[in-house]
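As written, the chain order gives the labels A, B, C and D, with residue 1 at the start of each chain.
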Amino acid sequence: MIRVTVWNEFKHEQTHEQVRNVYPDGIHRVIADGLIEQEPAFAVRTATLPEPEHGLTEDVLNETDVLIWWGHMAHDDVNDDIVNRVHERVLNGMGLIVLHSGHYSKIFKKLMGTGCGLKWREAHEKERIWTVDPSHPIAQGVPEYFELKPEEMYGEHFDIPAPDELIFVSWFEGGEVFRSGCTFRRGQGKIFYFRPGHETYPTYYHPIIRRVIANGVKWAAPSGAGVPFRGNHQPLEPIG
Amino acid sequence: MIRVTVWNEFKHEQTHEQVRNVYPDGIHRVIADGLIEQEPAFAVRTATLPEPEHGLTEDVLNETDVLIWWGHMAHDDVNDDIVNRVHERVLNGMGLIVLHSGHYSKIFKKLMGTGCGLKWREAHEKERIWTVDPSHPIAQGVPEYFELKPEEMYGEHFDIPAPDELIFVSWFEGGEVFRSGCTFRRGQGKIFYFRPGHETYPTYYHPIIRRVIANGVKWAAPSGAGVPFRGNHQPLEPIG
Amino acid sequence: MIRVTVWNEFKHEQTHEQVRNVYPDGIHRVIADGLIEQEPAFAVRTATLPEPEHGLTEDVLNETDVLIWWGHMAHDDVNDDIVNRVHERVLNGMGLIVLHSGHYSKIFKKLMGTGCGLKWREAHEKERIWTVDPSHPIAQGVPEYFELKPEEMYGEHFDIPAPDELIFVSWFEGGEVFRSGCTFRRGQGKIFYFRPGHETYPTYYHPIIRRVIANGVKWAAPSGAGVPFRGNHQPLEPIG
Amino acid sequence: MIRVTVWNEFKHEQTHEQVRNVYPDGIHRVIADGLIEQEPAFAVRTATLPEPEHGLTEDVLNETDVLIWWGHMAHDDVNDDIVNRVHERVLNGMGLIVLHSGHYSKIFKKLMGTGCGLKWREAHEKERIWTVDPSHPIAQGVPEYFELKPEEMYGEHFDIPAPDELIFVSWFEGGEVFRSGCTFRRGQGKIFYFRPGHETYPTYYHPIIRRVIANGVKWAAPSGAGVPFRGNHQPLEPIG
């Protein structure tokens, strides 16, 4: 059983009626529903910025196999201690799925080491997402391409390290491309960045989007060695 | 249920008493036993060079999710048509695990596009295998390092494309290193090369070796999209 | 001084008036002119399919640092011995730049190990090429994006191994994306695949296209170690 | 002309006689001498921790194409503002070469996003460095392998992201292996980590070590596009 925590800053839903209309109980609730719909065996909980410790206590993180992150307007309000705690957990094996505007979150920038900037435009345009690594488990059950209309545009250059694996590339009506599905490994943790999900659109109700996120959870769940690999330390004696 | 076919050229066992002593029913039999021991749910069969079509008929390959390949002295005796058939199956999604001296097999060279040469020495020396990608599913349950003594030495430069993922690196008593656990994706197929397994040593009885190969099977089993991605063909009309 | 050989099958120019109008002396001639324009110090020669040994004799290849390949309708007419000779030279350090429809050439497929298929459409549409790896030497002097209109469309899934480096991604008016600038290392040789260049369009007169190909030549020129690394062989004695 | 700044914390040389005996004017001075010996056209300067702003003022960094970093016992004494300034410069295209114990520097950890831990042992043992990517420009003129005796041991698991390119792998007498030559791209900057160089050994006088560092400088020098790629900003209007 994979234990998932869906984190959302949960601000747009309070302040923008347009967002509340699409996600009345919050984006996190719809993402969580999608996971349960796709994989009933997942144990899913949610956490949000306004909760104590942003809902990401030591206990919660210790019981989380994969953390999903949605943030946008309140990146700066996330406490650095919590960011460091999440960072440490990822290096020790917790999976992390960063969605959409989470590209600019503290935790993603800290794990990438780069600026993580990109281009964007809100013009209600069509996005066509192409699968470029069809053998990847995250692409399981995903067609050659699928469309979202409308979505926000994100364009290159996306200032990330070269991803370990590039799974999806987006085409936008207005003339841009974007590396929309990227994996990274950091420490013992696996990270999946997935682009779609502007807060004013019903993207997280889309069955293929739900499929991709559920696939991402299964891929990112810890599968590594049982022994600790971390730290700077003196080793065994030389071989005799 | 994952369907595995273990292929062995099955020649050393006929002609070298030393090999027959270690693998009386053939290397393939011991590899197959190890898979069943590790994962009773695997459906495992074997195939060998002397069989008609080397045991790799269209039917067998169509019912194979992952093919394991052990060959050494008879690479040239493998029929090119069978090599092409296996190649085609890999590009269409069948997993392939190439063991030890299989680095010089026709199928591995055809998939890599390089010479696949390396250094070697039979000196009954110690091999220490280090895990350098502890988060990889193939490293699941594998310690930081483990030892084989004796083993044949394989040394760099190993003339392969840069692997998509480097999981294990070997240290040899005599002074060499080797990229011993490497993954590659070709078409919709996943390939895992794993170094150990000289025919005169009981390597395939070793529990960690068995664990790694079983992990490799699970990793390499097809997980891709359900739609065909192959071929050179015209697409849909332009978007209206 | 880098020695470049530009190879062209040189067939369309003989048989299609439309192509002859754009490239009256052959595509190879215009590519060669572009190289000299960009880098007067390059030593550039050409070779074509109808010449003896397709112009790729042992002597010519031994004096070639980087080979540029354009082929389309006559891939099957290239002699396998010449393909093997070029392959061997690449593994020994010669650079190779494969242009446009060369994706389906024998030499590219042999080096990649995959089917190398893709989607295509001739609809006189606009191509916008985005730079996704701005720090790469092949992107030197190349803007964030540039446009070709018209060009032929090439679309994903492009059946290649994951490139070592992804430098350019194309956007097409009709709704597709394509990994248009990819590098691969094989043996001691460097390979650059660059998408644009349909035979009926004046693509190889375009200053940025010329810049990219010249950058590619500089990147692909041999720079490796002076000692031989090839072959399967017994090594030194163990360390005393 | 490539402008290089060699940075050294310059502490061991003040406090440890053994280090002062090997590097009487500081490690930075010997690294700088090696660069000038190998490439007289380099413009080389040095900077050290005790200088104002650690010698890394805005002016110095703006006039630096490649920064070389050696630090060990005083990582924590490096001011965070200077670390951020160097980070920003790397993302904007300055090359960075991190040597030996610099793996634990603030700047390297910030760029990697991981813990950067490793194993180590001071046992005066032999290190044998193998070239695993002979076609890489950093391996130019470097033999198949070369030896340092004695050196400090560094062992896996080295907690870094999978390097973009793996060029050298070390073998140690006591039984460990290490990914000793690794490249990374971050933003528009190129980073090369190179393992050897314990302060009590004359490693930076070794001609092959000097060759590798000089090659690294040439490789890491900015070569990207002339236009700015950074930041999070809105793009052009959609294509008409």
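The rule we apply is simple: a contact is a pair of C-beta atoms (placed from the backbone, for glycine too) under 8 Å apart; a residue touches a chain by one contact, two chains touch by 3 or more.
This structure is a prediction, so every number in the text was calculated from the model and none was measured.
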State the pair with the higher C-beta contact count; candidates are C-D and A-C.
C-D
Longest centre-to-centre distance from subunit C, chain (CA-based)
A
Taking each chain's centre as its mean C-alpha position, how far apart are subunit A and subunit C in Å?
37
Compute the distance, rounded to whole Å, between the mean C-alpha positions of subunit C and subunit D.
33
Per-residue multi-chain contacts in subunit C, two or more chains:
128, 131, 133-134, 144, 155, 157, 162, 164-165, 173, 175-176, 185, 187, 229, 239
Quick one: which bits of subunit D touch subunit B in the complex? Just the residue numbers, please.
128, 130-134, 144, 155-158, 162, 165-166, 169-172, 175-177, 179
Please name which positions on subunit C make contact with subunit D in the complex.
93, 126, 128, 131, 133-137, 139-144, 164-165, 173, 185, 187-190, 222-227, 229, 239
Where on subunit C is subunit B touching in the complex?
91, 104, 110-115, 117-121, 123, 125, 153, 155, 157, 159, 161-162, 164, 173-176, 184-187, 229-239
